[in-house]
Amino acid sequence: MKVALSRKEHFNAAHRLHNPAWSDEKNKEVFGKCNNPHYHGHNYAFIVTLIGDPDPDTGYVFDLKLLSDLINENVIKHFDHKNLNLDTVYFKTLNPTAENIAMVIWRILRQHIDNKYELKIKLYETERNSVEYPAH
Amino acid sequence: MKVALSRKEHFNAAHRLHNPAWSDEKNKEVFGKCNNPHYHGHNYAFIVTLIGDPDPDTGYVFDLKLLSDLINENVIKHFDHKNLNLDTVYFKTLNPTAENIAMVIWRILRQHIDNKYELKIKLYETERNSVEYPAH
Amino acid sequence: MKVALSRKEHFNAAHRLHNPAWSDEKNKEVFGKCNNPHYHGHNYAFIVTLIGDPDPDTGYVFDLKLLSDLINENVIKHFDHKNLNLDTVYFKTLNPTAENIAMVIWRILRQHIDNKYELKIKLYETERNSVEYPAH
Amino acid sequence: MKVALSRKEHFNAAHRLHNPAWSDEKNKEVFGKCNNPHYHGHNYAFIVTLIGDPDPDTGYVFDLKLLSDLINENVIKHFDHKNLNLDTVYFKTLNPTAENIAMVIWRILRQHIDNKYELKIKLYETERNSVEYPAH
Amino acid sequence: MKVALSRKEHFNAAHRLHNPAWSDEKNKEVFGKCNNPHYHGHNYAFIVTLIGDPDPDTGYVFDLKLLSDLINENVIKHFDHKNLNLDTVYFKTLNPTAENIAMVIWRILRQHIDNKYELKIKLYETERNSVEYPAH
Amino acid sequence: MKVALSRKEHFNAAHRLHNPAWSDEKNKEVFGKCNNPHYHGHNYAFIVTLIGDPDPDTGYVFDLKLLSDLINENVIKHFDHKNLNLDTVYFKTLNPTAENIAMVIWRILRQHIDNKYELKIKLYETERNSVEYPAH
């Protein structure tokens, strides 16, 4: 039986939900107030979970200081106090929904975490709305 | 790999735990202060989770506004500011434990959510006591 | 300059807002869904604050274990898992609004706390609705 | 002794801190990452407090349903899912710092709340950063 | 489909991360400020989850009062207001990392919970750092 | 009317409540489990509040980045992952109760914050136990 280790981090960003293949009317109908052309924003909180075996010498699944540094260098530095649509390479053509943001964070961190660890991302857009990837 | 999308909602209700097949003594012994014949109550919080694939056009697993409307129309309207034992059809003969309330909410919403989505309910009776259905 | 010492406690109770001097129509109009004759309920949280000088020998304004015992004996034992309207002497003729519950808790505890301490009660009926007595 | 009644509400918005009388360098130096020209955003939470006497007929300082409606109509409708700098009349020439947002909300609501009530606004920009107006 | 029932509990304790097989330098390098020889401490929160079928007579997966008593008697009594390294039998030779504390709590409770229930422990060392055992 | 600006910070520390002028029996009787000679610990959270006038050029009462740096340099660096009794100069002869910790933090920060600002400290030892200095 393995152990899951989790670290919660935050970033504050602006975003807009919009599909450029659609008319303004359809965008407004589907995305409602999230389609505001001047953007709105959120305090995003996200939990990064690594599943593995504790090291017998340290008792650690992974060093939390190192995990926090990895998250800050590869995610927060690029997303915090940014406009997700305009200031990041990830959402130039991808709609920055909570679902897509969680999947992007997963893909970024997957490159920096040894594959012996299972990786999961839970993202809160608000206290009431959240997503988890992968779901299982 | 699929994405889990979650929405947190609330209702405030009175309830009483009681098994009519038992004597008053046995009810008191098993359910303790939760058996108070005049009822007590809780601020129930519950999280509805849908597991599926994000739509390529929207980036949504499911529209959260629509999900919230479904929950309000089919659950909250019937449970909020109600006596669960006396005012709802669901707990006339079913004991309104946290376990049973979560299963009832699951059964109600399952009828309104396409079967391509896996559905889960997590219910908090208090900040310290919660249940999840199904468990896996 | 004095120090404020606070202790948070909880009780879960049913209640109904109703003014017996009014018609059913007026009660329904003024109190809305809180007037449900079968009651509804809440997880009430309340914070008891004592303002005084730390004792030079202990560094305590007041012993928190003793404060918690006083609150449990005089408030929680009477309110937890009860119907505030039917099961307590305090709300037989007083409407159990958040305002009145906070004032009743203040009056109860004032009798057990030396007058050298200023006493304040903050009560949360829900996470979003709260009252404080006295306000200053 | 009066009673304080509080209601917590939320809005999600984009903003940018910027003083147009200053050079870009000075703005960047003073406001740091909050000066991002493409905006960033927050889940703002704010608590509106009214201080007054409970009405003897209702036990209410103020009807919370009415207070919530007033806040939604006069604050949230204008601020939620908006760019505070571009989409509101309030921050065309006023920097949307937490301090100024709290004072603007106070000024808006002061016009709709009878002067017999003292009014206070507490605003959380993040879980760790908050302001209160007036301070006493 | 089974139901998961969870109970959240707390203890406050001192601890130090240290591997006696290593030099002081290596301990300092690996465990950083957590290696402080005079100890530091945390408010640990942990959630005990039992997965099973609700009893048809009670609607309970497990009696929460009984579960809380089991946790208090077998875990909290031994860990609360203790130095985990010096005052408990469990961490004499085992490093009290969050991972190991969660696994120890699981092993303790596993002896007191019928094997028909699946058992899981989630432990929060801080609001941002947590572990879960078993992970699946 | 002035504005209150608040910043929440954290430190994790071990401590022991003990009065060396008293016998072991009296210490045990007064401080109970907090008197454990091997120490216990907490995740302390504290909120630093400055009351002043917003600067007309910035809209800031005080720069929160500067405030956070001041708190980190003068409080957190000395208290985090420390034994308050053994590792700090402040509690060599002063009992590290929540009351005294809050007053010590106030005295430290008062030297670094211009007297034109009123200063207040709120400290949480646990989620349920907190102190505020000064009380008014």
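Read from first to last, the chains carry the letters A, B, C, D, E and F; within each, the first residue is number 1.
Heads up, the rule we're going with is that a contact is a pair of C-beta atoms (placed from the backbone, for glycine too) under 8 Å apart; a residue touches a chain by one contact, two chains touch by 3 or more.
Since we're looking at a predicted model, the values are computed, not measured.
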Mutual neighbours - chains that touch chain D and chain F alike: C
Minimal step count in the chain contact network, chain C to chain E: 2
Copies chain A and chain E - rotation angle from C-alpha fit, nearest 5 degrees: 120
Chain whose mean Cα position lies farthest from chain C: A
Homomeric contact chain B-chain E: same or different residue positions, threshold half: different
Farthest chain (mean CA position) relative to chain F: B
Distance from the mean Cα position of chain C to that of chain B, given in whole angstrom: 28
Centroid distance [mean C-alpha coordinates] between chain D and chain B, Å: 34
Multi-partner residues of chain A (at least 2 other chains): 127
Those chain pairs that satisfy the touch definition: A-B, A-D, A-E, B-C, B-E, C-D, C-F, D-F, E-F
Chain F residues touching chain D - in the complex, by the definition given at the top: 1-9, 51, 54, 57-61, 63-65, 118
Touching residues on chain C, where the partner in the complex is chain B: 10, 12-15, 33-34, 36, 38-43, 80-83, 86-87, 126-127
Complex contact set, residues of chain A against chain B: 17, 19, 21-22, 30-32, 94-100, 102-103, 127-136
